[in-house]
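Look at the two complexes coming up: chain A is in both, with chain B in one and chain C in the other.
Here is the complex of A and B:
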């Protein structure tokens, strides 16, 4: 039991040390991108893992966050520090409106409407040329300087600096999600997922609790999108591509849905894995697909579960089986 | 005999799922303090009647009145708050939650301070639940799970309890125990609407009964008269 905070502290220290050890720009880039994905898939885990609704609109929320932040920057000269919360708020509101219609359905109807929504948003980004410049996208996004009390203003455009911004945001997102799922509200998510009619029969509104997860999840995706837009410096309708939602679902499901830690780990693994497989040149996607199939067959509940079984002492696990 | 207060009434309730008419012009009443049984074969629509009353399903037409107020179309939470508890059929517990957590969730809609006292009363009725209050519900026997579901329903302080097949899948001796407990709930002042496939149990416990056949009420009357009815006897009591 006492081992857990120590392990968490060690992981945070190790993550803080990454830019000191890794000087390769390309690997730092991968760390930053995986941090961005961690934030987005934590949000997706609330929806897919905790309330058990398969949302395919998550990458669209990510892209909408990126676009909101980018447009505020380009049109109104808002820096990322204002654009990120604005994006999270706006996309959260959009999710509230969308959810008030679609969260009354479950299963395949819900899934199909989320796909249609994502495609519609892509069409808007592509065809509202006056606002979004269509396929040309919005270039020239910048990373703003960061003001820290007592230290002053520092430039964070370097990858080794921006890494810490993303790391900080990912830790905040993780702690936020963890506090949520451990609260009495998050407890209801699981009750709804495990037995919705029973929850309803006790007066626990599946709709209301699904909505909380959906809105918070969408806002996190938007925040991640905003970070990504300013980091890459460019947004285009390609952000709405279906491959983004596919990779996010792989991260959540193969990471271990409904655990937060699993999807976060999945985000890191499945950002690095396709890149490391570049060694295999044209065999790359075949190897990647094989790994996915094998992982699905042998770790159907996600990578995190065999990890816990092998790394955590048995007596500790038994005592904490309920908390996990 | 003084006239009892009308607790619940369904008037001409029809419900469609897709194009299928699952409930066809169902009308029934339950008066305060009564134990009313709704019997019928598998697939007749008994569970659907209860789920329509508790707001999980919305009727296509017809009215449902509780203590004089229309409740059809209200959401399940509002209906629980009015005082109707629903004790569902299968999958009636969350296997990974403890006995105590279930009872606390039964009081989800309450925000008064008497929840602990009520839990103690449930434990007096079901001592086995007290012994196992920390145990996960999935590790209880079928009969104990049914007791837990009953106890949880009572935690909302209902004036009307809807029971859906409480005897399903239980050992004969446990069926009798559960039956006695349901009668006890009525004797302590609550009103009960009991859905059962086990017609002989239901008719023994009930004051009045309805027979539901493929979504329609085909017969109604005092439970004793139903037992003596040759039609009921042939179709539901296996005689």
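Here is the complex of A and C:
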């Protein structure tokens, strides 16, 4: 038990050291992208892993966050520091409205409506040309300088600098989600997931707690989308492609849904792995989709989290028993 | 004084099937009301109406003189009207304390785990608190269901065949438990096929047949009611049990 905070501190130190060790721009890029995915996927774990609803709208929330932030930058000259919270807030609100309709449904209906919603949002991004420039997308997004009290203004456009922004955001997102799932709210998430009619019969509103997970998850996806948009400097309707939600689900499900740590590791591994397997890029989605289906059917706890817990000493495991 | 819980003229139709046809009932604190009747009579449907899972086609349910038949199930539970299910419902994968804490969490109790342990102690499962629900025997799972309901701090507790499938010794534990809960001032509504259990602990019994209430009164009175005996004629064992 006491080893856990030490291990966490070591991991954070190691993550902070990455830009000092890794000078290859391409690998730094992969670290930054995995950090962005960590944030989005933690949000997805709340809804898929903790309350147990398979949402296929998550990548759309990510893309909507990217677009919101990009539009605020292009049209109103808002910097990312204002655009990111605004994107999280707006997309959170949209999730609230969407959720008030679809969280009353369950199972296949819920899944289908989330797909339809995502496709609809893609159509908006594509066809509202006056606002979004359609297929041409919105280029020219910039990373703003960072002002730290006592230190002054720092230019963070370099990858080795922007990495720390993403790392910080990912750690904040992780701590936020962890506090949520360990609170009484998170306990109710799990009760709803384990037996919804029973939880309702004992006084827990499945609707309310699914909604909390859905909205917080959407806001996190939007924040991740905003970071991503400013980092790559460009948004286009491609962000709404179905492959994004597939890869996010792979990260959550193979990582070990309902554990936070598993999906976060999944985000890193499944950002690097496909890039390292570039040769086979044509086969990538097919291979991954197959892995996803097999894992869903035969490995309900995923691969990564169970693997880690087997490698970790037994007395450390107990702490995470509840989360699993 | 109005009853703690009252059902007035409850009628339910499922398409062409009239599951309940204008059933009245009432129960007060410290009282055990049993609801009996042949299979398919409408007993579980009555529970579903009282707990908000099924909307009555006609009639109303009043709790402390306020209508509750338009409320969501979780609201009704929060008010203190809590049920168990005919088919065992537990949080299988979770440790007992975490599942039983549900009802205490739902009413924002400051120490849900402690309430859960108290409820487990009441039903005699404290010693097994480290197990998960799925690891318990069937009989213990049925006791666990009662603990789950108790942690929600019910004023009215509805038990749907809590002793079904239990051996004699296990059903004795259920009887003792119900007697203990009644002594605490709970109103208990019990659906039970085991006539020995019903006749031992009920203060009042209502009999439903094809959705219709055909008798209402003290156990002795109901046992000798001609219509009740007739209703059970299709099921000789039950008729025998009632007449006994």
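Convention: the second predicted complex is superposed on the first by the 287 of 324 C-alpha atoms of A that agree within 3 Å, B and C clash if a C-alpha of one lies under 4 Å from a C-alpha of the other, contacts with A are read in each partner's own complex, and residues count from 1 in each chain.
The rule is short, and it goes like this: a contact is a pair of C-beta atoms (placed from the backbone, for glycine too) under 8 Å apart; a residue touches a chain by one contact, two chains touch by 3 or more.
Fair warning: this is a prediction, and the values are worked out from it, not measured in the lab.
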| item | value |
| --- | --- |
| Clash-or-fit label for the pair chain B, chain C on chain A | clash |
| Chain B versus chain C, judged by how many residues of chain A each one touches | C |
| Which superposed partner A:140 touches (first chain B, second chain C, both, neither) | neither |
| Which superposed partner A:191 touches (first chain B, second chain C, both, neither) | both |
| First (chain B), second (chain C), both or neither touched by A:152 | neither |
| First, second, both or neither for A:5, with chain B first and chain C second | neither |
| Contacts on chain A seen with chain B and repeated with chain C across the two complexes | 191, 194-195, 197-198, 200-205, 322 |
| Chain A-touching residues of chain C, taken from the complex the two chains share | 51, 53, 72-75, 77-78, 82-83, 85, 89-95, 98-99, 101-103, 105-108, 112, 148-149, 151-152 |
| Touching residues on chain A, where the partner in the complex is chain B | 191, 194-195, 197-198, 200-205, 322 |
| Residue ranges of chain A touching chain C (in the complex, touch as defined) | 184, 187-188, 190-191, 194-195, 197-206, 322 |
| In the complex with chain A, residue positions of chain B that touch it | 51, 54-56, 75-77, 79-81, 86-88, 91-94, 96-97, 105-106, 108-109, 152, 156 |
